[in-house]
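Read from first to last, the chains carry the letters A, B and C; within each, the first residue is number 1.
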């Protein structure tokens, strides 16, 4: 056992699956933002991954409730599980809103936020893999730093998009309502990536 | 002692009172949505129940702080108490917004969301009662499943309502702002019911 | 050692610095709301204090992760640190929105909410100082009660402001969107002050 977990640790295995599921959803969302057709169906696909993610979260929390000695602090397990779930919830909500609001075209800032989410969730997977090998703890930390950078970029993109919406020469209130909502949901997804990174960083500090 | 609590357990007694208070507020809110008159006064009645709920939450958390050995995990007690409080806070805010925004008529989806809250909070009471008798743990689980179903229905209603607001032939931005806000608050109240159900489910798993 | 902490306790010292930083940000925000010029630069100054606050939070949580025996319950340390951070985040976001939305004039309710934040954050500092001396625990409680009063006042101001926005004779939807957002952010900052006060009250109950 080089890392925190034994090779077949249930928590590690479920975290890893959940992170992959979150990343898959980010890629579907990015595809939708890039090629904006068949919106309702493709939002529904993301919704299905969200349900799959609920199942992983449920399994983690149920296993946590039944397990007396855990490889990580209970609060860290809880935080990682629920925040991974929050990421995919926000992405699914964003896709759903694109469909509900009958959005016609996607602003470039929204696509850029989609890219941030693809990058940040790939870094989450990389960081999880590093948790299983103490020699890779520096790599985990490096991934977490990069996720922070992505979150900052997400924030910058949202602010740029909001400024554009409100300072248009003839602002359309309904468009503002729609896109302010969608941009804030996308940005919140990047915040939740940062929360997972913070929890992983805390795990590395405790076990380093 | 057949259940988790002794008969006079302070936590159980306060949880039960708080859940009843939440359910009473849900019924007042439903009455208001059904017979939409005297709005400011009746919103204030719901606000008074919210204050009563604050008092229960305060008593639970103070007793938790003073109690060394608790019948449930501290984190579960904390979660149940604060999430019950969140439900009534959201319902009180919804009633307040109906008054502040000088809403004229209530859409049918809002009444349906009110019904969801009445049903879900009745199920919470039933689930709490089951916690006190291990023979009824299956019933607790069944209530929690039904609360999830109600939460899904709340989500569906909110999405239907949002779609209607935005796809009206001549959408009124001020109406959209008002009702998007109110629908999201009502839906958040159903989410918090689900959180309490999740905490109860976790208690049943740990003590089953 | 008259209080909970030893004189050089790291947690106490960092809490105290973080609370002072939050109060400094509240004063800058109030200055901006009173003398509304050079908005982007002054919003950026508040943003810089937010970053300083992140650093304190990070130090507290890292020290918590490394420390086996803590002077307070771990959950209380965590709550105080993160909620202090939330206060300054909300204030920084409010300042940022004033700039992004190219706001022209400040309504009096917004200035009054700024005053509430200055008062509540000064009370937080006073309460922290009292934590270090059991003879001053009654003073801590008194400060917490006053912070609750401030939060109620913040809520009242926000409701008054929302009612005014929506009941104007000819409501401007874009103005409603901007100011509903800003007022809710300011009010949320007062809620987070109350959360810190609740955590301090819980500490006093446990150690009294």
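By definition in this document, a residue touches a chain if its C-beta (ideal position, glycine included) is under 8 Å from a C-beta of that chain, and two chains touch if they have at least 3 such contacts.
The structure displayed is predicted, hence computed values, not measured ones.
**Q** Graph shape for the chains shown, where an edge means the two chains touch. Line, ring, star, complete, or other?
**A** If you draw each chain as a dot and join those that touch, every dot ends up joined to every other.
**Q** Roughly how big is the turn, in degrees to the nearest 5, that lines up chain A with chain C by CA atoms?
**A** 120
**Q** Does the chain A and chain B pair touch with the same residues on each side or with different residues, judged by whether over half of the numbers are shared?
**A** Mostly different residues.
**Q** Rounded to a whole Å, what is the gap between the Cα centroids of chain A and chain B?
**A** For chain A versus chain B, the centre distance works out to 28 Å.
**Q** Got the chain B residues that touch at least 2 other chains?
**A** 173, 177 - these are the residues of chain B that touch more than one other chain.
**Q** Can you check the complex and tell me which residues of chain A touch chain C?
**A** Within the complex, chain A contacts chain C at residues 159, 162-163, 166-167, 171, 173, 176-177, 180, 198, 202, 205-206.
**Q** Within the complex, which stretch of chain A touches chain B?
**A** 61-62, 65-66, 96, 100-102, 173-174, 177-178, 181
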